[in-house]
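You will see chain A twice below: alongside chain B first, and alongside chain C after that.
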Partner chain A sequence: MITHELIERIEGEAVLDFKTDKNGRVQDAAIRFLHFRGMEAILEGRNALDALVITPRVCGICGHSHLITTVRMIENIYHNAGVLIRISDKAQSIRTVTLSCELIQNHIKWLYLVMLHESSKILGKEPAVALKALYISSAVNQLCALFSGQWPHSSYAIPGGVTCDPTHIEVMQALRILSDVERFIDDEVLGCSPEVFEQAMRDNKILSLKGDFGTVLRNFDTLGLLEKGKSHGRFLVLGEAEGVILNGVRNRTDITLVSEDISQTFEHGGKTYAKNALYQGEFYETGPLARALVQKRSGVSDLYRTYGDSALTRLCARVEEMVLLCTQVRQLLSSLDLSQPSFIPPPAIESISGSGVGILEAPRGSLIHRATIEKGKIISYSIITPTQWNLGNGIASNLGVAQRAMIGADTIAKASLIFRTFDVCSVCTTH
Partner chain B sequence: MPSKPAKLRVIWLQGITCNGNTHSFLNDPDLERLLDSVAFIHHPILPCTKTLKELVKKLPKSDILIFEGAYRADFERVGVAMETLLSALASKTKHIIALGSCASFGGIFKEFSPEHISGILFDKEEERGPLKMMREKIILLSGCPAHPKWLSFVIEMIVAGKRILVDEYRRPKELYGYLVHNGCLRNEYFEWKVDSDTFGTKEGCLFYAQGCQGPYTHGSCNKILWNEVSSKTRAGTPCVGCTEPTFPKRDLFSTKTYMSIPAEMPLGIPKRSYLALAGAAKSFHIKRLEERLIDDNA
Partner chain C sequence: MSDKVEAVKKLFTSQSSRVETNKGDTYYQELFDKCEARLNEMRSHQPANKLDFADLLEENGIDRREFMKWASATTAMLMLPPMFTPLVADAAVLMNRAPVIWLELQDCAGNSEALLRADGPKIDEIVLDIISLEFHETLQAASGHQAEKQLEEAMEHFKGKYLLFVEGAIPMAMDGQYGTIGAKGETFHDHLVRCAENAAAVVAVGSCATFGGIPAAAPNPTGAVGVMDVVKNKPLINIPACPANPANMVGVILHYVLTGQVPELDSLLRPKFAFGYRIHDNCERRAHFDAGEYVEEWGDIGAKNNFCLYKMGCKGPMTFNNCSIVRYNDGVNWPIGVGRGCIGCSEPDFWDKYAYERPMADAKIKAPTGGVEKTVDEFGLGMLTAVGIGIGIHAAASAIAGKRENSGESHE
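Let's look at the complex of A and B:
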């Protein structure tokens, strides 16, 4: 039997076409995205710096990642044109702080608005609005805005640095907000300290976590899904701390091995606007789980050894990343040297012609922007988003990551919940 | 004891969007109190009484319809074209809010197909959107995104039954009567025509070279601060004019000049007046305004 299931309450919507057997078990699943906005075409012909304003509008929840990727890409174009671009440590740290904020707020919203909500709903106990989660994610965004001016849709990162020139007033306020966020994670998300959480992952005792994350895991356990959702076990990190894992072996990545497959798109007789992103011609999982494994972070790696790339490991990786990012943001804020310049002016963009690439680890995984410019004007622009890796739509002999994870689920509802563990974003996928 | 008034029923519908207004709205620290007076029949992310599928099937009545994103007649949600869906929901509601610049004027997404994509009431400056027959019940909250407090203000005014004064684009005057320039921390540099010759400093005005559109962009960004703490210009970023029907213009990080005078004047200021004042201001060298605001940042 074929069922078309509309997946809502993600960023936009997706349609899943399920093929089920007579018991309702999922035998095949196709992933389709039906909205397209033409971001790349909108960018062409414009001044390259305009991309700093346009690309954040790819996505309302991860637009800051697009901004930082764009600025890296333009800096790479300068570099490839033989112009040395210098960025102060201060500017670099501030960029990392604001980007990390975007990941943290994303993971909080995903955990509460999607995972806690949807897993409870299937069990017949739909929770009320998670106001405490929204309150704390807005606090994280406020921390970001102390430097970026606003969230969402800031354009404060420009080739050569950042536009802001913060004082200790902003830094101290940022540290205060961070303390609130850390307390929220300890008291509400985990119900314990990060150290106890880390130990619980190592000792395989995470089901006893008292916080809301524990509730999510127990919901998954009740549904029999904790060890479901396994996929290829291939992982890719192209941005910071890059690496690729194939057959359990970790290697350096090579950006030239990235390709896009357009065979499933409407234009080529398919049923979706999404292009598949491939590495060496294969689907790879990207995002928090890939990052944790490539970086050999102990707790998540321990879970992976026991449970593979199941829902349990994938869920834990996102939560563990949130904890880790808070620690990193604290370190960066505490060591900011405000006497350094925020911005070191590069030559005018109008003097630059050439191509470049910007790569970054966004909330959902590796994000790539590429462009060619001629005397500062964009000739062509190409974006590959993280969800193109994870939510690719393959064929039976070569299934996409989330596709494979859903096959074999007892019911369509459970398969859909597995789908959501990948943190689905429709607006990014098709852009 | 007086009974609690019924909550206003709100539908949040999306056209061609990035979800930026949705996430901006979720930043509202007063969301809890707002939810005391409104209930979402449908919202793309928050818990609500009807899924999108049910919404499209039932087309329920509402008190407020919030539309986020640009309009295109054949753009579909759950297989129903906006042409049908938006007009059906719009005719069954009392108030319509065009939230963000896409819903207001077409915004960034209009650029992809300018002849087919518009706002719901305006298409750039022209009032020829699909809901032009319902103009009296439409309020525009332009901005990319709109500030969450602009939205909660309009909802509170509706709840309180008060009349909202609007400008020529049906934007609340109390929000859009100001310019982004008002309240900018760099105003003194503007007055004395002290240019910020680079990005990344606290000093100098961004209007003369860096492309700042604050002096002719309507919006209370420097009165009702973003995320309660800042704004583009406070973070040293030029205003990109995102609340205006002309958004997005081109060459956003440089000021178009004519004989080294900004080509576009501060709103309503005749060029002659501007030149007279600028000439006088520039003839003085004010040492304090040419120095760093804080000597040693270490």
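Let's look at the complex of A and C:
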């Protein structure tokens, strides 16, 4: 039987086409994204610096990641053109702080609005409106806005640094908000301290967590999904602390091995606007789980050894990352040297011709921007988003990551929930 | 297309944005009586949402005094005299009687994210919580086919009464196939037309829904247009900006609950309470503009001293919006606060005209002359011209100008 399932409550909409056997078990699943804007075509012909205000609009929930990737790309173009670009430690730290804020708020929204909500719903429990999660993600966005001006859709980062010039007052405000966020994570999400959480992962006692995350895990357990959702077990991190894991072996990455496959798109008789992203011609999982494994973070790695790339491990990796990012933001804020310059002027963009690439670890995984410019004007622009890696639509002999994870699920509802553990974003995927 | 561009330019440069902030005692007394009657009627309606305003205020530790402060500020934002404060407070409590249906079309969901308390003062957040968002693609409790059913039910149940909020542009090229929705693959165009049919009013939220926004930027690959190009014969309110400010979304709904009418609009169908003034008129850096103190380069001494960003391409002097008053993210900050100029995101075609560092003199468009402080405006415009000459032609402008010529669009 063929069933078309709409996936909503994400950014945009996705359609899953399921083929099920007589017991309702999922035999095949195809992923379709049915809208398109043409962001790359809009970028072409414009001044390269215009990309700084345009690319954040690719996505309403990870636009800041697009901004920082664009900045890195333009700086890389300068570099490849033989121009040394200097960025102060202060500007670098501020960029990392704002980017981390975007990841933290994303993970909170995903955990409450999607995972807690959807898993409760399948179990027939009335899902509560997670207002507290919305308030705290709003606070994280305020922290971001202290430096970036606003969230979403800021453009405060520019080649050579950042435009903001924060004082101790902004830093103090940021630290105060961060304390609230940390308290929320301890009291509400985990129900324990980060140390106890870390130990629980190592001791495989994660199901006894008292907080809302514990509820999510127990919901998954009741549904028999904790160990489901296994995919290829191939992981890719192209941004910070890069690395690729194939057959359990970790290696350095090579950006030239990245390709896009358009065989499943409408253009070639397929049924989606989304292009597949491939590494060495294969689908790889990207995102928090890939990052935790490539960085050999102990708690998640321990769980992976027991449960593989299952829903359990994927859920824990995203929550653990949220905890880790708070610690990093605190360190960065505490060590900001405000006397450093925010911005070190590079030569005019109109004097620059050449190509470059910007790579970054966004909430959902590796994000790549590539462009060629001629005297500052964009000749070509290419964006590969994290969801293109995870939500790619393969064929039976070569399944996409989420596609493979869904096959074998007892019911369509469970397969859809597995799909959502990858943190679906539709608008990014097609852009 | 050329006619349309000219028409938009004419609208944009027209005088209609003048704001009348005092309409006289008789007018306000009549309005007051009408609002009072309207609120009494609303009180008799069943709430469409189970969240209770008083409970939520208490849960969030907001006392009556704080709430009345908010009501008083909101009354001022809506450009009503102080006598309306108690009515605005009542309207906030009754907002769960206003059914709202939210559609997401060709967009990035950024306005939904803004609504998801990306910003907005705290009581606004609560007000948003209690607005009965009957159907929202991102927020709704149901999903998939269940959600489609819920939409149909909501449209039937609140026939002629619901406010339809629309986020995102409408792709018209290729018979609308660049954006489809639901199990039947209905195009965004058809979906919008169907949902708008029985709406009390349609509210286009964000730059994409209002004027086409980023998808409509040259070369407009998908033939994207705004809601006003599709929905006809229906009260329409535009709340542009990228993202739209939640305070203005709340303002529109409050106004509807309060008066049962759409607020006073400018020639681009934007509520005057929010878009009656230019960013520049109330900018925290305005004094530096008047004093001729400018940032000349990112990171320079002017940047360190928060000087005016006009020479860095700030479009505040020609952009009608209340960001300089309301700001973003709970009023924490806004782009100019971090030394990044305004990109004019609440004006039509801003992606092709304004975005990034093209100072106004090169932006191929006349500065609008509307505004309340005529003398200040005239002074400011004189200054702009002088500064414009001083800056010379920016390469970015010629790059885009070339592109626009290629795409067959005319210049002013």
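Everything that follows uses one rule, which is that the second predicted complex is superposed on the first by the 431 of 431 C-alpha atoms of A that agree within 3 Å, B and C clash if a C-alpha of one lies under 4 Å from a C-alpha of the other, contacts with A are read in each partner's own complex, and residues count from 1 in each chain.
The rule we apply is simple: contacts are C-beta pairs under 8 Å (C-beta built on N, C-alpha and C of every residue); 3 or more make two chains touch, one makes a residue touch a chain.
On a predicted model such as this, the values are computed, not experimentally measured, just so you know.
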Joint occupancy of chain A by chain B and chain C, clash or fit: clash
Touched partner set for A:Phe147, first chain B, second chain C, both or neither: both
Touched partner set for A:Val58, first chain B, second chain C, both or neither: both
Partner chain(s) touched by A:Leu338 [first = chain B, second = chain C, both, neither]: first
First, second, both or neither for A:Lys377, with chain B first and chain C second: second
Partner chain(s) touched by A:Thr167 [first = chain B, second = chain C, both, neither]: first
Which of chain B and chain C A:Arg37 touches, first, second, both or neither: both
Common ground on chain A, meaning residues reached by chain C in one complex and by chain B in the other: 6, 8-9, 11-13, 34-35, 37-39, 41-42, 46-47, 49-50, 52-54, 57-61, 63, 109, 113, 117, 127, 129, 131, 134-135, 137-138, 141-142, 144-156, 158, 160-165, 173, 341-343, 345, 427
In the complex with chain B, residue positions of chain A that touch it: 6, 8-9, 11-13, 34-35, 37-39, 41-42, 46-47, 49-50, 52-54, 57-61, 63, 91, 109, 113, 117, 126-129, 131, 134-135, 137-138, 141-142, 144-156, 158, 160-165, 167, 173, 337-339, 341-343, 345, 427
Interfacial residue positions of chain B with respect to chain A in the complex: 14, 16-24, 26-29, 31-32, 35, 44-47, 51-53, 75-78, 108-109, 111-113, 144-145, 198-202, 226-237, 240, 242, 248, 250-254, 294, 296-298
Chain A contact footprint on chain C (complex, rising order): 51, 56, 60, 104, 106-114, 116-119, 125, 129, 137-141, 143-145, 147-148, 171, 178-183, 185, 188, 213-215, 217-219, 221-222, 224, 242-243, 297-299, 303-304, 328-330, 332-340, 343, 351, 355-357, 395-396, 399-400, 402-403, 406
Chain A residues within the chain C interface of the complex: 4-13, 15, 34-39, 41-42, 45-47, 49-50, 52-54, 57-61, 63, 109, 113, 117-118, 121, 127, 129, 131, 134-135, 137-138, 141-142, 144-156, 158, 160-165, 173, 273, 341-345, 348, 350, 376-377, 416, 427
